[in-house]
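Presented sequentially are two complexes of subunit A, the first with subunit B as partner and the second with subunit C.
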Partner chain A sequence: MSEARLRRVNKEIADCQNDKASGILIALVDDSPFHLVGTFPGPENSPYEGGNFDVDIVVPDGYPFQPIKMKFITKVYHPNVSSQSGAICLDILKDQWTPILTLKSTLMSLRSLLCSPEPNDPQDAEVAKHYLSDRADFERTARYWTEIYANGSESARPPNADDDAAALARRKKGVKEDPALVAGLKLEHVEQFVNMGFERNAVIDVLKRLNYRGANVRNVTDDRVVNELLGI
Partner chain B sequence: MSDMSDENFYDDIEDTMDEDSAYGYDDEREESGFGGNTDSDEEEEAILDDYGDVDDAFGTNDIGKERLKNWQVEFKSHSVESIVQAQKKEIDHVASMFMIKDTDAAILLRHFGWNKERLIERYMDSPEKVNLEAGVHEDPSRPRLQKLANFTCEICYLSSEDSPGGKMETLALACGHRYCKDCYQHYMEQKIQEEGESRRVQCMKEKCNLVIDEKTVGMVVKPRIFERYKTLLNRTYVDDSSTMRWCPAPNCELAVECHVSVKKLDKVVPSVRCDCGHPFCFGCGNAAHAPAVCPIVKLWLKKCEDDSETANWISANTKECPKCNSTIEKNGGCNHMTCRKCKHEWCWICSGPWSEHGNSWYNCNRFDEKSGSDARDTQAKSRASLERYLHYFNRFANHEQSARLDRDLYGRTEKKMEEMQLTSELTWIEVQFLKKAVDTLTECRMTLKWTYCMAYYLAKDNMTELFEDNQRDLEKAVEDLSEQLEKPIERDSIPDLRQRVTDLTVYVQKRREIMLSDTATGFEEGRWRWNVTF
Partner chain C sequence: MKVKLKSFTPVAYWHWDTRDPDDVCGICQNQFDGVCGTCKEPGDGCPLLFGKCTHEFHLHCIMQWLEQHSRKPLCPLCKRPWEEATAEKYQEETAAQQ
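Coming up: the complex of A and B.
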């Protein structure tokens, strides 16, 4: 069984390395073929275009009869991806998995998930709310995330806290991430409440929770925001 | 919240529950001409009265022989064997009607969730379409098992050259997607053992929905795993059925049949009792929760879970005497507290003096909404809403805890009674009144508990006053009986005690019945309005 697993994974890795056309890269972490990093370019004509997305891959003992475990290393603003942990909500990673699927086909499914979110089966409820309430505004934030988080890495590489490729590239370009923009909020909205004497991070938290974005802003009264900030 | 879970609670008492005490008075039940039962989906209004005859796999015409109260529903327990039999009957029927293999008939029935009528209708219309949808089709020109040369399995990447004799054992379903037999075995065993899957296991090809039938499974997996598969398959009969539910009691293998449709759960509480003794709600599987209906129970349990930290202090077992501040431990279920030090009498729930609760005015069940409306600013409002919640939760949790304490107390009393039995002329039958009383008390406390959940979500109007009056009367009766049980037992006073306890038991049962019957009537009449939407 474990022999079959090793044979199959090795062959899959070799296949990927020989196929340059797909744009999908796979690299080993710690020399084990069962812990990998996959990288693919963000799909064209999507807010993820121009970014490179790293995915942590764990090949379970029961592979290929058990689904591969995958989560995003690169931060992604997407309804089906946790903005905190990178966990992914995708049927083929759960009950719709079949042994005929491969590392490559699964990474390609992830890539197409980026183009076609399923906001009704969300992994990140807040992001999904943003997506459903104002699509254009959501895309603006997703593009911002792509720019600040997904712009540095060009090939699959193991994650390393000290040498985070995206952070490095950001520093080089002099881009500073703004927590308000990361949360998908408008700077003037945040400043409006900061000027009332509230702490900036608290304002960001509350506005995020109330989905104070795009068209939804008119549904949230200033009183509501202030009450939340006061903890009432 | 976990320490108050009904499941645990019933675990403790299951073995001591009295079968007869379930639904009030046995002697008031009458024989009546109930026929079979029907899924009364179509007749929205007929909730309990219009049961017609219907063809059903169990051939059960013996459900609900007694005249039911308006808050009771018909139900019946079934063993695993009778479930297997019922399936076989359905499968044979469909197989002979369509002249198809019984394995295919089984797949079709499972695909239609055992709704035979719908299957027949659809199959008559277009058998090909139904077969395709359900994943049944057959191509005799394509052998299932085949030893092949020059074959490479797309899953394990092994080829015929790797196999002895240069030939590989392969398997394909009617769709022709062929893989090696070893991979099929691993696949099936993973699905059966690790995922507990049975009827839904499909061909390994992506998006091919062909279901792997029982015979094929038998060909590839080990006998032990095939047995497991068949057990799982049997279970799906109940899982898929809208009129069957497994008894949630741990280690119980029975299933209960009940024909209250999901659409009625906002008006009917289908309380059932498995033959093992476990009382539960057929609608949601939680421990019995009448008179509250499933949707509000769901809201309530969620709320209690979310607010458990705020409300934690309530579950504490000790309180200080409101007068002299000495610590008092609650040792029985009764809420009438008497301080050992200063003799102050007070109510465990509200800490108010007991004298205000006693005879004619027992107002501890009602939350004073006025204090809420006085609240002006938002902060006070949210405090008022927390207080309102705590008011109801407090009482809800208290009955849960009291029922447990009543049980403990009974355990001690029973021991004492046994001793007395040895030294006096009392017979075993004569000391049974206490058991009956405690069983009734438990049941009434469970009902009371859920009235507080219901009250929390009721919109305040004239109707709720009536509801609260019934609740108050039941609560008073319960506390009276509970208090009686706490009295010390002396040999000479037993006949007296027995009379008093028996009278109170009958009375408290009557109060419970009034409570349940009035709420059920209220649901029928659409009398209850909620302060939430669900």
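Coming up: the complex of A and C.
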């Protein structure tokens, strides 16, 4: 059966390389056709627009009867993608896999997952909380991640986007990734507690854990944050 | 005029009676008239299996899938419960659909 697997995978790689229209690229990592990197452009009209997303692909021994293993190499801010490891929560990569799915169709499903998150079946609970409590604020962070991690361009940004002026200024100056913005927090919120004498990274960790974002800010009292920072 | 036939070379052609003869098996991605990934001889040696859902696969391909999901065997294409159809029944159903 391993010969069938090799034949099918080689055919699929060739199919992808011949199809320029889909925007999906597949490249070999080493000499093996069973370890690949897939790349696709972020979907239009999403916070991922303008970025290019790399996916690590491992074709298991049981392929096509066992699902392909995929995880994001590019960091993605999305409820169904681990912001730490790039692990993906998608049914077709698990129990909904069927052998008619291909490298290309699976990558296209990943691409549409970026457009339609499933926050109630999350891979990253903190990101899902952010998404559910303030959608616009979540999208701003997702867009920031696209810009700093996925080669996103300024032109990918919708003109009416609620800009964090400080972040924009930092980017223009060429300063990369502010951990507060990466965590989806407002700089003034972080500074407020830093000015009380707490260490910046500790403030970011606590605010992130308490989902101190958007509309949820009013549910978290200053005392609560200070107590967390003091370890009470 | 009398013609004396000295020799002739008969040629036969066959293909599986599928909806689209150029279509491929969704599992191995090889043509239906070809072989599944493990066989060498197409035709009777590597037959097709038709499902009541009107989807067809190489017998060896679909059996491998069904064996791994014997508790709840589903068609890989439409995910309806897999039920085998005889070839005649399959012809009737596809004819009715057209």
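The rule is simple: the second predicted complex is superposed on the first by the 209 of 232 C-alpha atoms of A that agree within 3 Å, B and C clash if a C-alpha of one lies under 4 Å from a C-alpha of the other, contacts with A are read in each partner's own complex, and residues count from 1 in each chain.
The definition used in the following text is that a contact is a pair of C-beta atoms (placed from the backbone, for glycine too) under 8 Å apart; a residue touches a chain by one contact, two chains touch by 3 or more.
Everything quoted here is computed from the prediction, not taken from an experiment.
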Query: So if we stack both complexes on subunit A, do subunit B and subunit C clash, or do they fit?
result: clash
Query: So, does A:Asn201 touch the first partner subunit B, the second partner subunit C, both, or neither?
result: neither
- prompt: So, A:Lys11: does it touch subunit B (first), subunit C (second), both, or neither?
  reply: both
- request: Report for A:Ser85: first if it touches subunit B alone, second if subunit C alone, otherwise both or neither.
  value: neither
- request: Answer with first, second, both or neither: which of subunit B and subunit C does A:Asn227 touch in the superposed model?
  value: first
Task: Report for A:Pro99: first if it touches subunit B alone, second if subunit C alone, otherwise both or neither.
output: both
Message: If I apply the document's touch criterion, which positions on subunit A are contacted by subunit B in one structure and by subunit C in the other?
response: 1, 4, 7-8, 11, 64-65, 98-100
- prompt: Any idea which subunit C residues touch subunit A in the complex?
  reply: 26-30, 36-38, 61, 64-65, 68, 74, 76-77, 79
Contact footprint of subunit C on subunit A as seen in their complex: 1, 3-5, 7-8, 11-12, 64-65, 98-100, 102
Field: Of subunit B, residues touching subunit A in the complex
entry: 154-158, 183, 186-187, 190, 194, 202, 204-206, 378-379, 382
Query: Along subunit A, where are the residues that touch subunit B in the complex?
result: 1, 4, 7-8, 11, 62, 64-66, 98-101, 227, 232
